[in-house]
Amino acid sequence: MDKRRLIARINWPGTAVLAFIGLAWEAAVRSGLLDYEYLPAPSVIAVGWGELARQGILGPDIAHTLISVAIGWAAAMVLGISLGFLLGLSATARRYSLASIEVLRPMPGVAFAPVGLLLFGFSLKTEMVVTILPVLWPVLVNTMGGVTGVHQRLHDVGRTFRLGRRDTILRIILPAAMPPIVVGARISLGLALVLAVVAEMVGNPEGLGYGIVREQQALRPDLMFAYIVTVGLIGIVLNAGMLALAEALLPSFRQLRGDP
Amino acid sequence: MRSTGPWQQYFKLSVAALPSARGLLPLVVLLGVWQLLQTDKSPYFPPPSDWWNGLMLLSKSGRLYPALSATTMTLLLGLVLAIAVGTGVGLFVGVFPRLRRAIGPLLEFLRAIPPPAIVPVAILFLGYDERMKLTVVVLAAIWPILLNTSSAAERVHPLLLDVARSFRLSAVDRMRLIILPSVVPAILLGIRVALPVAIVVTLLVEILTSIEGIGALMIGAQRNFQSPQVYGLLVLIGLFGLLVNSIFAVFEAILLRRWPPKTQSENF
Amino acid sequence: MGSAEKRSDLSERAASPAFECRLVTVEFLHKFSRKRIIEDISFLVRSGEFLTIVGPSGTGKTTLLRTMGGLTPAASGSVLVHGKKLEGPPEDVVIVFQDYSNALLQWRTVAANVAFGIERNLDRKEIEQRVHDALNLVGLEKNAEDYPWQLSGGMQQRVQIARALALRPAVMLMDEPFAALDAMTKASMQDELLRVRDRTGTSFVFITHDIEEAVYLGDRIAVLKGSPGRIEQIFDIGLPAPRDQLSTRQLPKFLEYRYAVHQAIGRGHG
């Protein structure tokens, strides 16, 4: 990209405000203006972050959470896309399952934590119990919506070319339904991260979520904020990665840039 | 006077919009099969009939209703505050687009942090009490409302603003008569997104700190290995969530009846 | 116009032209460049007159209207309304926009929309009366409790016109109000507008790119041409009143005017 255009695209006032707040925070704490026991200066948080990394604590925690996210998301994708296709293609299947989905959808993932603890104690499986259902819905609903939303005209095209059922699905319906499916995948990924962190806060004492709670209970706010920032950064990276993947797979569907 | 008043019509519309009741079959089958298979009362998978007994026990011991009311009150109060502050700040930010551009990245950064992660921060700063619980629910629920409101306020059609100028409206009148009504659909969308977040955060606080509420009841039951109560409370939470969403959907439909159908909230 | 200040408002109104543009130039600043949209526009609009402005797209017709309506400031020159210099949207002047859908308050009923301009200044009875009159003038009495999005394009545009009429303005500025309507609706709306003018004595400034519409409606036609837009020519239309869609359009004089305006614009134009 042209260098001048790149510079023009950066949000200078916004970056300036961000930098200003960071510096003001730092100055306020150091000068004693903001003197809360639990509000450390940004530099202290950064030092704490480095400490965690160096001591080899942060690495495994990040890995654990990412594994949890990966398993939950992958399972949701497999289940969600296959079920979504099934429901999308069959009106009968929809009639006999939509109400159940509407009932289950509002279930908050965190409510499954005690159930998970009951069944599996402190383990990755408990995290899965918390993660699986909420992460499933965006993929399932979006896939279903994408399949049913394929315009009748495209079905007619398939019939005109005498495509069999399998070919119709593979060559017409699947590509046409891709954009909503990809949007659903992106939402699910973000949700999987949040739920993994939640599950680690109340269920399985491992990973980034547990890190936040542990440092809060140990009265180490610098480390607690370090963990929180890490979670935020991972969220941004995952989202950006998903967007890049989406644009690589579907270069013609730029509307995926829109936030949900 | 018409014989079918507006309320009867709303009721008919709501019922017509519900998915077919036959769709409940999978759940009914699941519960039925579960009930039949678990006649030997496994401690991990107690049959649904036991769940009901467990809940009745809680209710009789006088712990169910206070917990339910505590959770509901926090949710209600938190949402009201989030709507009031979120709408106000959102309108203010939206009307001054330069302000939005300046604090935009800050908002984006804060938005990337999942609300549950804020809970330990609140606990650290505010301690283990009801005020902390309410604060963190408000903080979590405010974001979607604020962002949606400010985004919509910024996007009020320029022609409408021309109309406001052409009719020489004061700034207050312009806000009251044009901008605010224009953003109502967006505010409702923001509330719709904020609802589940508020529920999750409320329950999370209760589970983490055992402050009075359904979540506290649940984690207490789990620690005492009262599995029927855990499942029963899970179902209760599910029904609660369903009820909250349904009430909001009705409320939203009534409020949006003046708007063209297109502006009604779309999923994702 | 010094002695005009001593006369009463009413006779001042009748005596001075509804609008006068004197060498009006409007520019837009874009990043670091200035673009002249219209240049040295001078003309009069007399009270009770129907002036149409025609020209190809891009000549700044909408900009001229907005400047007359007080929404866009002039870089140089002056706009006078009843002899007084324009500073912001003037009181007796109303704009009717082309995009009716976004110019109406879609969440208000038709009646509430029509009342929009007057609801803050008058008491309830007067408001109800004016809304009733305005709706009658445009033929929408039966739709008072409907919402704009439930109505067709032509009806929505009529709501906007009714809203303007409720103010009993001296001047109505209309920006291609019938461009988005089908031919039959357009024809009946044109006649309704002329009826309104006859009944209320309002002055009209009407922008269109439809030459036939301009000739049919206008007492005078101003042709805007070029980039930046300038007044190319002003025609006096000596067609008999009342106008009729069938007979007037077949008059030889009609065709002559149409030809002349066509020539003045200088391009193949429908």
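Think of it as A, B and C in the order they're written, each chain with its own count starting at 1.
We take it that a residue touches a chain if its C-beta (ideal position, glycine included) is under 8 Å from a C-beta of that chain, and two chains touch if they have at least 3 such contacts.
Given the structure is predicted, the values throughout are model-derived calculations rather than measurements.
Engineer: Mind listing the touching groups among the other chains when subunit B isn't counted?
Structural biologist: A | C
Engineer: In terms of CA centres, which chain lies closest to the overall middle?
Structural biologist: B
Engineer: Which pair, B-C or A-B, has more C-beta contacts?
Structural biologist: A-B
Engineer: Taking each chain's centre as the mean of its CA atoms, which one is farthest from the centre of subunit C?
Structural biologist: A
Engineer: Return the distance between the CA-based centres of subunit A and subunit C, expressed in whole Å.
Structural biologist: Going by mean C-alpha positions, subunit A sits 54 Å from subunit C.
Engineer: Which whole number of Å gives the spacing of the CA centres of subunit B and subunit C?
Structural biologist: Computed from C-alpha means, the inter-chain centre distance equals 49 Å.
Engineer: Need the CA-centroid distance for the pair subunit A / subunit B, whole Å please.
Structural biologist: Going by mean C-alpha positions, subunit A sits 20 Å from subunit B.
Engineer: For subunit B, write out the residues touching at least two other chains, lowest number first.
Structural biologist: Not one residue of subunit B touches more than one other chain, so the list is empty.
Engineer: Within their complex, state which residues of subunit B touch subunit A.
Structural biologist: 18-27, 44, 98, 101-106, 109, 112-114, 116-121, 123-125, 196, 199-200, 203-204, 207-208, 215, 218-219, 221-222, 225, 227, 230-231, 233-234, 237-238, 241-242, 244-245, 267-268
Engineer: Please name which positions on subunit A make contact with subunit B in the complex.
Structural biologist: The contact residues of subunit A facing subunit B are 11, 13-18, 21, 36, 38-39, 94-104, 106-115, 117-119, 138, 141-142, 145, 180, 183-184, 187, 193-194, 197-198, 201-202, 209, 212-213, 215-216, 219, 221, 224-225, 228, 231-233, 235-236, 260.
Engineer: For the complex, which residues does subunit C have touching subunit B?
Structural biologist: Residues in contact with subunit B: 66, 69-71, 88-89, 91, 94-95, 97, 99, 102-103, 105-108, 116-117, 120, 147, 149.
Engineer: Spell out the residues on subunit B that touch subunit C in their complex, using ranges where they run on.
Structural biologist: It comes out as residues 157, 159-160, 162-163, 165-168, 173, 177-178, 181-182, 184, 258-260.
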